[in-house]
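The following pair of complexes shares a single chain, chain A, combined with chain B in the former and chain C in the latter.
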Partner chain A sequence: MGAEEQNIKEFKLKPMKCELNFLSKSDGSAILSQGETVALASVNGPLDVKMQSQSIEKSTLEVLFCSKGGKPSVGDRYKENIIRQTCETAILSSLYPRTAITITIQELEDYGGFLSCCLNTACLALVNSGVAMRHVFAAVSCALDDRGNILLEPTQQQLETARATMNFVFDSRQKSLVTSFTEGAFSEDTYKEALARCRSASDLVFSFYRDIVTKYSKVIG
Partner chain B sequence: MTTENTKDIGKICIPGMRISLLNKEFISGPGTYELKGYIYAALAGILKMEKDENTKATIVSVESPRTPSVLPKTGDIITGKVTVVNSRMVNCIILCVGPSVLVRPYRAVLKKEDIKATDKDRIDPYKCFRPGDVILARVLPMTEIHWYHLSTAENELGVVLATAEGSPQGVSMIPISWSEMQCPKTLVKEPRKVARVIPENINQALFPVDKTQNKTEETQKS
Partner chain C sequence: MAEIYKLIHPLKYFNDYISRNIRPDGRKFTEQRNIKLNVNSLKTADASAVVKCGNTTIVCGIKLELATPKAEEPNQGFLVTNVELPALCSSKYKPGPPSDHAQVTNCLVSDIIVNSKSVDLKDLCIVPDKLAWVLYCDMVCLDNDGSLVDACIIALMASLKTLSLPSVTYDCETEEITVDENNKTPLKVHGMPVATSFAVYKALESDMLLMDPSTYEEDMCGGIGANFVVCCNNGLLCGTQKFGGSNPSTECQEEALKMAKHRVKLVEQVIEKCIKNNEIAMSR
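Presenting the complex of A and B:
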């Protein structure tokens, strides 16, 4: 048991770099690089919304994903859906009834773990925008190689040869699982081990958030 | 998350951070929310703790450098601009809620019945408002999903700034009665539902303070 705990603690994530207030015209924006993967997110809202998409008791969250190529695809809609559902759990939308909050995400570089990078960027942009949130969330991705080893934050090469990929999103309050999306075949034990490792790794993401907010606390406005 | 020490006032909070217990001593203020007996931060910002003199409790709040978005609530006084006037209603956009200016305007509607408190049947919206007028109004309880409903059925509510039809832009009309305004340049009179705006320095105007008198009183006391 002690050896297992030691294995869980011995991990490293890709180096993260972030800049808030990257765009001047939006309410909140963030550019985040996780290794060589880079995403840019912009948040606008709460703003007046069209009649058909208006909700009387809470705000409507709209997510728009722009790929590098510019042409929308089914994969982009899938990403939008995941990001929207994850952000909806975090935003205190009942404070902004009959309004819309729009999150726009632009792909800049994709070298593996792009969806988790998008989620983290969206979270930082929401924090920067001043929208009330229940909690912040951290996305961590991992892959299962041919030998059955779990690789945290895999690179593009590792993903190409991976047997399965897993992405987990955790909240900052109780480290509970918010979102999970997987591809490939794996056993239940492998899933549980990957979940435990990613949960431990999410601490690094949350501490990174805290450092960023502390750094920008004097210059956010 | 570990429970944060509540003595660290001025420290940085991020959403979801547990600030303190929720009890008689600590009350959640702006930028926070309550959950399962604890106070959590809802915004990224600086933790502030203020003593409430009445209840002797500490109000826990998070002050965000970003101004939190203000939404019009029932009973709020808003500043708006008239966009469309027709025989049944007046369409406006809300620009300010109380003292705070909105980043983006919200659509609102002022129905014919809510323009004045008296003679509701005989009101002509064209004689009360014109497009471009800046008005003060009160937000009514919601009846429709898509619009904020406004009312100007008070003496203090109505048109504040208006320009006459033939007047040069930037020259505001002066109220001459409850239902009329006049342009100071062209002397054109136009009908409006005029708001009685109470000036901020009303106390100084009514009760002027004579500085020389104060000085003599002070010298006599000494």
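Presenting the complex of A and C:
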């Protein structure tokens, strides 16, 4: 068990680079690269909302996902749904009733683990926009290779040969699971192991968030 | 009185039930609704099934068509799923183009079928690069009362199990296709994926799992699409999905996996028995 625990502590994620306030006109924006995968997110809000989607209890969250090709597809709706549901749990939307918050995400480069990169970018953009949030969240992806090894943050080649890929999103307070989605078949034990590994890996993402925010803010740090 | 109470204090009303270890519809937390299944209900479809899980009603029909395989995968056929949520199934949906929720449900269903590898697309190929079967699997929801994905998968699997493909001869030189409707071979279906939805309710100290939730329960536990969906096939997991909503603890998840595995046997029995009954009825 001891050796395994060390392995968990010593894992590495792909190098992350981030720039906040990348766009000048939006309320909050972030560009994030995880390895070679790059996503750009902008947050606007709280702003005016159409009568039909207005809610008197909370703000409406709208997520727009733009793929590189520009053509909207069913797959994009699915991604939007994942991002919207995840951000909805994080945002204190009851503070902004009768308004809308829009998140726009633009795909720049996809070399594996794109959706988790999108989620992290969206989170950083939300932090940057100053929208009140319950917690921040970190997405970590992993893949299961032919021999049954779990690879954190797989590369594109690893993904092509993988038996299964799993994505998990954790909140920053209790590291509880906010969102998960998987592809491929795997056993229950593998699922649990992958979940535990990704959970400890999410610490790295959270500390990265902290570093970025410290760098950009003159008050904290 | 209870109705008024429900309107004025919706959360408290729900919480009162949950804190007494019972759900508003009288079920226990781990109790699922009755499943009613009927296969070959539509005569115009090549295979069909109607399933009712409680009030949730899904009609699935499969139509066969012939097409040329994709150039990238010349030895594979196609399986196209489509989930329709018309305005009549719930007041939440408006008439018009498919809603986001319908598209997301469709993605979930097709992902589960692909990940479980229950239909080998190579079986659908007739002549590589020339001719292959396309299975158009249309699922229409007549009544949406929660746990949509579960019902869709049951309906789809029951239809696939009853589907048989007519034999086709293809003349490479004249490109003539002849379909022999009298000579049919059943489609090979490997395994039986079964999806189980759970609503996660965050009570004060611990979180609760509500198996096979109704729409009302889904609304109280984080809204549309926040279910924790576990799909089992042959003892393996072939997709666990959860998008937002309340966060289940690790123990909760383990419990969910256990319950989902248990439910697989039950659903398998339902489908097999239904198909057998149908065969007996057909042979008479």
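Assorted remarks:
One rule holds in what follows: the second predicted complex is superposed on the first by the 218 of 221 C-alpha atoms of A that agree within 3 Å, B and C clash if a C-alpha of one lies under 4 Å from a C-alpha of the other, contacts with A are read in each partner's own complex, and residues count from 1 in each chain.
We take it that a residue touches a chain if its C-beta (ideal position, glycine included) is under 8 Å from a C-beta of that chain, and two chains touch if they have at least 3 such contacts.
Keep in mind the model is a prediction, meaning the values are calculated, not measured.
After superposition on chain A, the partners chain B and chain C are seen to fit next to each other with no clash. Of the two partner chains placed by the overlay, only chain C lies in contact with A:T179; chain B stays clear of it. In the overlay built on the shared chain, the residue A:E88 is in contact with chain C alone; chain B does not reach it. In the overlay built on the shared chain, the residue A:P97 is in contact with chain B alone; chain C does not reach it.
Shared-chain residue A:S187: touches chain C; no touch with chain B. In the superposition on chain A, contact of A:D171 is made with both chain B and chain C. In the superposition on chain A, contact is made by A:I56 with chain B only, not with chain C.
Using the contact criterion defined above for the overlaid structures, shared-chain residue A:V74 touches chain C, although it does not reach chain B. Chain centres taken from Cα atoms put the angle at chain A, between chain B and chain C, at 110 degrees to the nearest 10.
For the pair chain B and chain C, the minimum alpha-carbon spacing after aligning on chain A is 10 Å.
When both complexes are aligned on chain A by C-alpha atoms, chain A residues 171, 174 touch chain B in the first and chain C in the second. The residues of chain A lying in touch with chain B in their complex are 27-28, 45-48, 51, 54, 56, 90, 92, 95-99, 127-136, 171-174, 209-210, 213-214, 217-221. Those residues of chain C that touch chain A in the complex are listed here as 100, 103-104, 106-107, 111, 115-117, 222, 225-226, 233, 235-245, 247-250, 253-254, 257, 261. Residues of chain A touching chain C in their complex: 74-75, 77-78, 80-82, 84-89, 164, 171, 174, 176-188, 191-192, 195.
By the touch criterion stated above, chain B contacts chain A in their complex at residues 1, 12, 14-18, 31, 33, 40, 42-46, 64-69, 71, 103-107, 142, 145-146.
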